[in-house]
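Given below, in the form of C-alpha cells, are the structures.
Across the two complexes that follow, chain A remains constant while its partner is chain B and subsequently chain C.
Take a look at the complex of A and B:
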C-alpha cells in the first residue's frame, strides 16, 4: 500500500498532459462535431515550435511561451481557414480525413525542418525532487505542468460557459445553417476552436518535451489521450479532465500492481467498460433526434 | 453553385496535401529510389559501371527517425567514397527504399533491389521485417548488413545475414560486466532491471536476469514499460522503493531521459547504464548526469581518430548532424561494405560478395567503431566489443568511461 500515494500523485502529471490534449479534442468537437485526429501531431508541432522560438528568442523562457501562444493560435486559425473551412457542411467523415492528412503532413514535415536528431528544450524549471508528506515526490516542472493544465482548461470552460462565443460554438456544431441564420459566424467560431485546440496541444507537447528530449514520438500523446476524452465525453471539458485523471490513475495503478506492460491494456479496458455503460462518455450529452 | 466551387477547392486542397504528404513521407518506390541514387552519384569523381547497393529501412512511419538516420549515414559515406574516386575505380549507385516498418513492403523491396541488380542490401530497422524477408534473401543469395538483428539471427551464423550493430541480447553481458566493476566494493549487490516491452528487448531482459543470477546479485526490481509510454512514474517509483545499488537499463532515448530524471527526482542516485538504442548525444547532454552511462559499439563525433575525422568530413559534406542517433550505424554499414567491395573487385555479384564477407576478417574503422569489426565463416556479428560512455561536464562532451567490453556471452 506504500506505493498507492506515489501512484496517485504520479498520475497527476500524466493526467495533465492527457487533459490538455483532450481539451483540444473537445473544443473542436463542440464547434464542428469533428474528431481531430491530428491533435497529437499538433502537440508535436507545438513542441518543435517552442524549440525554434526558444532559439530565436535566445532561450528566454517566458517570452518563448508567450510567442508560442500567439503562433499556435495563429496556426490553428490558419489550418481551419485553409483546410477545414472549404469543406464545412460536407459531413464529418471527410473532415476527419482532413485531420488525418494534416497529422501525416506534420509528421513528414517536422523531420525535414528540424532533422531526426533529438533536441532539448531549455527550461528554468527544476526537475529536482520536492518531497511532500506521504512519501510523495514531485518537482517544480511537475507542479507548473499541473497548474498550467488546470488554468488552460478552466479558461476554456469559462469561455464556453459564460460567453456568447461558447453558446455560438454549441449552436454552430448542432446546426451550422440555423446558427448562421441567427447571426452566428460559423467559420469564425470554428476557427477560434481550432486556434484553442492547437494552443492546448502545443502546451501539452512543450510540457512533455521539457521533461524528455524532443523527438517525433510526442505524437503518441494524442493516441494515448484519446481514450481519456472518450471516457469523459467528447463534448465535455470537465469530462476531459475527469477522463484524463481516471485513465492516468488507472494506468499508473496497473503499472504499479500488475506491471508496465498492462498500461495500454488498462486504458482500453477502461474505455470499453465506459462505452458499454455510457456510450456518450461519463459527462457527454446524449444526442436526441426528434422525429 | 457555391457548394460545387467549395467542393472543387476542397478536392484540390486534398489532392495538393496528398501529393505533398507523399513527397514528404516517401513511398516504397518512387521517392527514395530516385533521390538517393541521383544524389549519391552527383558530382562523383569515379567513372564507369557502378556497383549497385540498396537499403530498406523505415523512412516513414513511427520509427522513421531511425530509418532516415541509417539512410543518411549510408549516403554520407557512399557519397564521400564516390567523391574520392569510388571503389576499384567504379562509383557506387545507392538506392534507398522505404519499408515503413512493414514486412510485406520489406519483401517487395528485396525483390525490387534484386531486379535492379543490387549486390547487397543495407539498413533495416526492425527484426520482424528482416525475418519476413529472410527466405527471399536466401533464395536470391542476397547478403545484407543489418541493424536490428536478434541474437537468434546471429548465433549460430546464418547465410546472407551480417550484423551492422549489436543484437540487444548481446548488450546484457557488457552492461553486467561494467556493473560488476562498479559494484566491486558492495557486499551483496542489489540490482534493478528496466526494459521495454518487445520481443528483442525480452531477450536482453532474459540474458540480464540470467547474468545477474549467475553473479549472485539480488534482482530487487524488474520493471517493463510499453515502448510508447509517455509516463514512467510508476515503474520509476517501484525501482526507487527497491533501493538498488545499480540499474541495468534498455530504454530508447526519450524514455531514458524520463527514467533517469525520475530516479534522480526520487533521490536514487546510483549508477545507471543504458543500452546503445538510448545512448544518443542529446540524451547524455540533457541529463549531464555523472552516474548515467551508456553502452556503445561506435564512438561519438567528438572522439578522436582518423576514421572520426573522415566521419566528420563526410557528414558535413552531406549536410547532416553527426550526432543524430543511428546515423553512425548506417555510416559504419557503408564502411564495412566498401571494405568488402574492394576485396570483391569488379564486377561483384551478390554470391561473390557473400563469400568475401565470410572471409573479410578484421575491419579497422579508425575509431568510428570502438574496436575493429570482425566477419568470418563462424562469426557474422561484426561487432566484438563495446565501450561505456558518460557525459563529462568539464569538457561538455561524451567521454569513454570503460575499457573495451566484449559483447555477447563469450
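Take a look at the complex of A and C:
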C-alpha cells in the first residue's frame, strides 16, 4: 500500500472540485430546501464564461477571475429571480424540475455560443510536477486549486457561522412565512445563496477546465458531486468537504482495483448505502419522521 | 366516447409516420399513468422510471424470443413490479428529496449494470427483436400496433382509474397529504407505499416491454436520466394526480420534439449548408424543448387539467365575483 499517500494526494484535486460544487448544493439547500440539479451544468457554464472573459480581457488571469466572480454572482441572482422566486411555495418536485430544465438549457445553449470543438483555457499556473517528500507529485495548479476550494468554502462557512445570515437561511428554509414575519428577507437570502452556488460552481468548472480541454460534456461533475454532499450531509459545509474527500478517494480506489468504468457507479453505490444507513449523512442535521 | 372517435379518426386518416408518433405517445402514456400513481397520488417523487423501463425492456428481450410476446410482457411486468418492491423499501425510511436521491442512484446503478451486461454478452450495438405475433395476428405494421396499443392504454387507464377510486387510491392520497396522520387514521402506510411502487413500476415495465417489441431494438444508451426526467415532466405538465392529465402530458412531451424538428426544418429549409442554423439544429431543438417545458412549469405548475377551472375562476374574478380565491394563491 505504498501507493496510498499518492492516491490520496491525487484524490485531493478531484475532492476540491466536488467540494466546491457540493458547497453550492449546500448553500441552496440550506436557504430554500431546493435540490439544485443544475450545479454541474453551472460549472460547465462557468468554465465557458472564464474562456469568454479571458479572451475579452486579453488573457489576464487575475482580472478574468475577478470578472468571472462578478458575472457568476449576477447569473446566480438572475436565475433565482427569474425562475425560482416566482415558484416559491410550490412543491419540491416542481422546483427540482426547474433546476433540471435550467441545466438542459445550459447544455443546449453553450455549444450554440461556443461550438462543440474543444477550447483551452489560458493560465499562468504551471502543471509541471513538483516533487514533495513521500513520493507525492503535485503541481502549482493542483495546489492553487485545493487552496482555492478551502478558502471559498471556509468563506461560506464563516458567513454562515459568524453572521446572522446562516440563521436567516435556516429560518427561510424551515418556514418561509414565519421567517418573513421575523424580518428575514426570504427572497434576498435565497437569491444570495444562489449567487454563491453559481460562483462556487464557476470556480470548480474553471479549475476543471484549466487541467483538461474544455468541451460541452463535463456536466457529469455535478452528478458525481451529489453523492459527496449526501455522504457529508445535505446541509453541512464541512460535511461537503469531508464527503468530497471520501468520495474522491473511494472513486480512485475503485478505478485502481475494479477498473476506470466503475468510478461513477461507485459514487452512487456509496450514495445508496449512506441513504439507507444514515440518510442525514455524517454531519447533517437529522430530520426523520418514522411512520 | 370522444376518445374512441379520436382514436378511430387517427387510425384511418393519419399517415404512417403520424401513427408511429402516436404509438410512441401511447407507450409513454402507459408509463406516465404508472408514474402518476406513485408521484401524483402517493406523493413519492421518483426519477428512477428510466431504470424500470430498462428492466422491462431487457426482460422482454430475454423472454420474448423463447416464450412469445404475451409471456414476455407478463414477465416484464412481474420483473419490474418485483424491482419496484425492492426500490420501495428505502421509501419507508426516506422522504421527499432523499427518496429522489435514492431513485437517482437506482438510475445510475441500473444503467451501469445493463451496460456491463450488454458489453460482456457481446451485444455492444444492442439487442434486436424479431417480428411480433399476437396469436394468429401479425403485428407487422404501425397501424396494427396502433390498435393493440390503444387497447392496452384503455386497459391501463381503466385499471388506474379503478385503483384511485377505491381503497388503495384513498390510502395513497392520505399518505401523500400526511403520512403520519394517514397511519393514525388506520392506513397501513408500509403496505400501501409498497403497493404504489409495485403497481407503478409494473405499468412502467409493461410500457418498456411493449416499446422494446415495437421498436425492435433495445440498448442501454436509450435509458438515460433525461428520459426519466421527461416522464416527470409529462405528469407535471398534464397534471399531478390526474388520469387524463397523464395521457395529455405524455402526448405533449412525446409530440413536442417532433413538432419542433419539423418546424425548424421547414423554417430553416433555405439556410445555407454549414450555416449556424444547420450546425446547431439539435441544440436549437433541445433549447426550444427545454424552454417550452419551462414555460409550462412556470405558468401551469398545476398542470393542464386544471386549466378550464382556472379560466372560469379568472373570468369570475374579472367580474369581481370571487375575491377570496385570489388571496389563496398568494405566495410568500
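Criterion: the second predicted complex is superposed on the first by the 285 of 291 C-alpha atoms of A that agree within 3 Å, B and C clash if a C-alpha of one lies under 4 Å from a C-alpha of the other, contacts with A are read in each partner's own complex, and residues count from 1 in each chain.
Please note the rule applied: a residue touches a chain if its C-beta (ideal position, glycine included) is under 8 Å from a C-beta of that chain, and two chains touch if they have at least 3 such contacts.
Remember, it's a predicted structure, so these values are computed and weren't measured experimentally.
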| item | value |
| --- | --- |
| Contacts of A:109 with chain B and chain C, given as first, second, both or neither | both |
| Partner chain(s) touched by A:93 [first = chain B, second = chain C, both, neither] | second |
| Partner contacting more residues of chain A (chain B vs chain C) | B |
| Which superposed partner A:119 touches (first chain B, second chain C, both, neither) | first |
| Which of chain B and chain C A:83 touches, first, second, both or neither | both |
| Which superposed partner A:180 touches (first chain B, second chain C, both, neither) | second |
| Partner chain in contact with A:269 - chain B first, chain C second, else both or neither | second |
| Touching partner for A:234 - first (chain B), second (chain C), both, neither | second |
| Chain B versus chain C as contact partner of A:101, first or second or both or neither | both |
| Contacts of A:137 with chain B and chain C, given as first, second, both or neither | first |
| Shared contact residues on chain A - chain B and chain C | 83, 86-90, 94, 97-98, 101-102, 104-105, 107-109, 111-112, 223, 261, 264 |
| Residues of chain C defined as touching chain A within the complex | 39, 45, 90, 92-98, 100-102, 104-106, 108-109, 112, 179-180, 182-183, 189-190, 225-226, 229, 232-233, 236, 240, 280, 283-284, 286-287, 289-291, 293-294, 297-298, 301, 331-332 |
| Interfacial residue positions of chain A with respect to chain C in the complex | 33, 35, 83, 86-90, 92-94, 96-98, 100-102, 104-105, 107-109, 111-112, 176-177, 180, 186, 223, 226-227, 230, 234, 261, 264-265, 267-269, 271-272, 275-276, 279, 288-289, 291 |
| Contact footprint of chain A on chain B as seen in their complex | 3, 6-7, 9-10, 13-14, 17-18, 20-21, 24-25, 60, 62, 64-65, 68-69, 72, 197, 223-226, 228-231, 233-235, 237-238, 241, 252-255, 257-258, 261, 264-267, 280-283, 285-286, 320-321, 323-325, 327 |
| In the complex, chain A residues that touch chain B | 2-3, 6-7, 10-11, 13-14, 17, 82-83, 86-90, 94, 97-98, 101-102, 104-105, 107-109, 111-112, 115-120, 127-129, 131, 137-139, 208, 211-213, 215-221, 223-224, 248, 251-253, 255-256, 259-261, 263-264 |
